[in-house]
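The structure that follows is given in the form of structure tokens.
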Amino acid sequence: MIDVGIIGGSGYTGRELIKLLLQHPEATIRIVTSRRLSGIPVTDIHRHLYGLVDLRFEDPSPSEIASACDIVFTAVPHGAAMEIVPELLAGGTRVVDLSADYRLTQQAFEATYKRMHTDPRDAVFGLPELHPEVAKADLVANPGCYPTGAILSAAPLASEGLIKYAIFDSKSGISGAGAEPSETSHYPNLAENVRAYNITAHRHLPEIIQELRRLDRSLGNIYFTPHVVPAIRGIVTTAHLILHDESDYDAILNLYKDFYANKPFVRVRDDIPNLADVRGSNFCDIGLACGGNRVVVISVIDNLIKGASGQAVQNMNLMFDLPETCGLLMPPLSP
Amino acid sequence: MIDVGIIGGSGYTGRELIKLLLQHPEATIRIVTSRRLSGIPVTDIHRHLYGLVDLRFEDPSPSEIASACDIVFTAVPHGAAMEIVPELLAGGTRVVDLSADYRLTQQAFEATYKRMHTDPRDAVFGLPELHPEVAKADLVANPGCYPTGAILSAAPLASEGLIKYAIFDSKSGISGAGAEPSETSHYPNLAENVRAYNITAHRHLPEIIQELRRLDRSLGNIYFTPHVVPAIRGIVTTAHLILHDESDYDAILNLYKDFYANKPFVRVRDDIPNLADVRGSNFCDIGLACGGNRVVVISVIDNLIKGASGQAVQNMNLMFDLPETCGLLMPPLSP
Amino acid sequence: MIDVGIIGGSGYTGRELIKLLLQHPEATIRIVTSRRLSGIPVTDIHRHLYGLVDLRFEDPSPSEIASACDIVFTAVPHGAAMEIVPELLAGGTRVVDLSADYRLTQQAFEATYKRMHTDPRDAVFGLPELHPEVAKADLVANPGCYPTGAILSAAPLASEGLIKYAIFDSKSGISGAGAEPSETSHYPNLAENVRAYNITAHRHLPEIIQELRRLDRSLGNIYFTPHVVPAIRGIVTTAHLILHDESDYDAILNLYKDFYANKPFVRVRDDIPNLADVRGSNFCDIGLACGGNRVVVISVIDNLIKGASGQAVQNMNLMFDLPETCGLLMPPLSP
Amino acid sequence: MIDVGIIGGSGYTGRELIKLLLQHPEATIRIVTSRRLSGIPVTDIHRHLYGLVDLRFEDPSPSEIASACDIVFTAVPHGAAMEIVPELLAGGTRVVDLSADYRLTQQAFEATYKRMHTDPRDAVFGLPELHPEVAKADLVANPGCYPTGAILSAAPLASEGLIKYAIFDSKSGISGAGAEPSETSHYPNLAENVRAYNITAHRHLPEIIQELRRLDRSLGNIYFTPHVVPAIRGIVTTAHLILHDESDYDAILNLYKDFYANKPFVRVRDDIPNLADVRGSNFCDIGLACGGNRVVVISVIDNLIKGASGQAVQNMNLMFDLPETCGLLMPPLSP
């Protein structure tokens, strides 16, 4: 059994981690932390888990957590992870960080998040379909939700050097903005609506650029525009990929199928997927259409699972030499 | 032209008043107040009205407002209206109060809202279908949204003394809870959900009891349970009315049609109405079904219009001897 | 391993059965039938299960199914089950029927569904919390979705003879109406709306009456009014229960907790549950409020799981002497 | 008074035309046709208008309609308009056609809609912001909903020859697909979802190309991908415009403000608009963001009003020398 700690258990990614790990046959949750809620039963906040888990939120020190756990998930805001990860690693535990702190180079991080990085160190970018070296890592930087959908939608073409430039137009459910009520999440503001935001400069863009340029150093402009749509969960990424040459549907579809042939959580489809195909699951479904020198790739994920906590557990599986799908094959909720 | 003031112009009822009065051929908005937003253009907050109104929020004293306006709408929280209404009336203006402050007897108010009433005085309960004396009033207490739907659904039967007891089960869109984000209005908490709240003791119950007992002093128990549903606007009231005797559909339908024969905003239907029939309008649509000694009456309103600001303008029309429908016959938005 | 057949695998209840049984550690799906789709891969229709199941729809005779399966779920329209159940039982298999055909007495069935019953025979009403004799049954009549929520909300009080009469006001997601598009399920007609229907005479009422009168022969009038709300899944039942005597919150809550003490899928709560607490799970959560001689009980279920296919699997577990929760403890999807 | 006929009054565009013309001070609806519903009161279908209109659907011949009406709106499927428009024009009435039949050149029409055009003739493309010659036209081809949002979002930059190529990524409410229930409009399929469709080859693309190339013959590739989102009304168009040169926010915003300075229904904003800003109104709101050589323009419209029937009435106003805004300044419904 793997002993697991979750730092930051009150938000949506912590909540989903708890749920997933409860169902995991090889993991046991030892500690769930929350400074604010210390002492409170976990199910007072995560009501749906009533009767399924008997833990209370705690607030131990990182070193205490490190000594009790084989792996720790840090589900904290960016800037907070770098304060605790050094101590966790020093304590001998392994870490999957769900914040943004270790995803980028120091320079890119500081430019994007407008703050100094106090713990620059190497981490593996935790998109396991592209980074098998996750298995050996002590510190995995779990990707952002948008980058997961965007990178997976373009990686096969990028790895072949076929893309001239790329425009990612993403549509996300509001749970990506977290559990705290806000103007944007206020029901009358979101229902029957679509909102574009951070239109040319969302913080997730550098992750997308970093990973796609890693696959094709000469890939041209990469643009990203996110929207929130009236949905709780899910991200649809519409990747408008302009190729150097004319596109060929069959060839490209086969390229995608080959690229993801042994990746159990990416399902390349012969038609266009939608959010109901993946809601509540760790799948990323992909479909595409071609026209002239453009390929439009549609990828769909559950932002809280494949876009966050499910991917984190997938990384854990690889880090502990378990089957990649262990505890993660729950089918989507559809309808 | 009627010169109008709106005290409390930043919330949803103020917002809707501004919109309705802009379209009103006999009224001109002179003042829209907001302490917090004083100096800011109204359309910075009410973005949809951009180009349609050129006012700024102000913060004048009640007596200044009174001297500038023929009528003032107080769209403020309960407890706040009683602080300003005396001065407004003393200044010679007439008032439609959209708060709860003047709807109940002093005793009922204090028991319900758990606070002293500092300005007990007579006001007319502003449900114009039941209170034609609105026309002569200087102070009209505009009803709550739930009471509007509930009272109209039961009044014809109550006025004939036919109801033994009544259970009102209401389903409301979330705009009734206001423009401020909250746990309840957080999209992930409301979408795909229904929430019962204040199940046996909602503050609107005393209004319902007051008005129905006025029609039938011997009417038995009156129960009320509200729910929020995933909708922005609208209240569906399911009135389970248990009669003293067997119900007869045709007779009761005719009773309703006669009762509301000259009431232009109540449309009694031969079938069951739904929110799309009234969304965006000042109509209250009513339909019913019978079984044994039970009548189930379904009433539907737009909570922000017939349940608040539209009704307030309807009251204004009557107070100024205008046609009841003046400026208020905008058709519903359906679909 | 239990060999399972599903007759009628293309609709929502069949779809959910497939999903649940795929996750069940003691069951194997042998046959999924669909006359219309015979030969087609199951995942062409149930897209979300792509990669998780490799079956095709078939169309064998009931006797072939019976000989291949230890248990058969009939997820067919009412009237269709009685055409095949006799042959299935004659073939030696056990049956959980998800249609309405065996839930009522012959007389009640014929009065309600306006058709002759061609196979009147004894079946156990498959609400396992009230009918432990499910374990021994060869034919289990799985309850309707509304009756599941309504009966569970009132059973403890009914079993003590405390209820004078009962009004069930239910709010359902639209998936209860099935996978076929209709006027009611047309998005512009349902979004931002609530629709009452079959207001005094829904077909599920006789089931509710049958089960509650079984617990308390002298229980008075039982009323039921359903509504559809803008949600895919879930039923909230607001049970307005008028008692013979004054209600006492603590006593009644304890009564409920005791009544459901060993029922793993009923969670009695200290507050009011909502659909997010149970979505995607087999739980029925219950909370209540008291006022005068009225108790308002709120029960929430996922209509496709505890209200249909999950309950059917729960029945299977009992019929095959497995733990009641076997394969059914998937946590709810919240948010 | 202008005597108006509506051919095809049962669908969503006919429905919205009826509503708008009822409120129009200079127009009177003389005839509303529907072959299928002839003889039925209009309010049996358009329930929300109950009490506001007293017409019945009729089925007269085009020449009868032409002789009774000064203008006829043809709200019929593509292919049907060309069967009746010749007779209407021959009868001396003027026509605004809401179908696709007269928007494109004969060649483009036949290539796009895969059918012969039986009535090739000149018509004015009824986007009044770009086509003031609407005023003199006898036949106006009302634009498609997507083209309205897309063309208006790019026209100012196109008219200056600044765009290298353009990718329009549009998100539409489902009412654009009409009043008939379908798989796509089935609530469980659309709620909590986003669906891309006709990804590289939607029929509205040729309209967009025609109009933008008219403004800039050398504009490069123009791509268009539509999506349906869980909303009844509205289209958000995210126009990713790649310029020949570096973009400058202030200069481009001023260009837009100047371009639309005298266009009362286009509101250029200093920030990013959303659907609530225009729902229920004839406005097209536009905002933009710049980054590198990319401009992202967001335009929002109510697809049934500015995207269809409102624009048709706007055209009528111009054709009859009325103020462009006559009867069309109803404010948006927000929230």
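Should a chain be cited, it is by its letter among A, B, C and D, assigned in written order, with residues numbered from 1 in that chain.
Simple rule for what comes next: a contact is a pair of C-beta atoms (placed from the backbone, for glycine too) under 8 Å apart; a residue touches a chain by one contact, two chains touch by 3 or more.
Since this is a predicted model, take the numbers as computed values, not measurements.
Among the other chains, B has the CA centre that is most remote from the centre of chain A. Across the two candidate interfaces, A-D and A-B, the one carrying more C-beta contacts is A-D. For this pair, chain A with chain B, the centres built from the Cα atoms lie 46 Å apart. Measuring from the averaged C-alpha position of chain A to that of chain C gives a distance of 36 Å. Chain A and chain D have Cα centroids separated by 39 Å.
Residue positions of chain A with contacts to 2 or more other chains are 12, 175, 179, 188, 191-192, 230-233, 276, 279, 335. Interface residues of chain D, counted against chain A in their complex, comprise 167, 169, 171, 173, 188-189, 191-197, 199-201, 221, 223, 225, 227, 229-234, 236, 238, 240, 272, 274-276, 279, 289-294, 296, 298, 335. Across the complex, chain C is touched by residues 12, 174-175, 179-183, 185-188, 190-192, 230-232 of chain D. Against chain C, in their complex, chain A makes its touches with residues 12, 15, 19, 22-23, 46-52, 175, 179, 191-192, 232-233, 264, 267, 269, 273, 276-281, 283, 285, 329-335.
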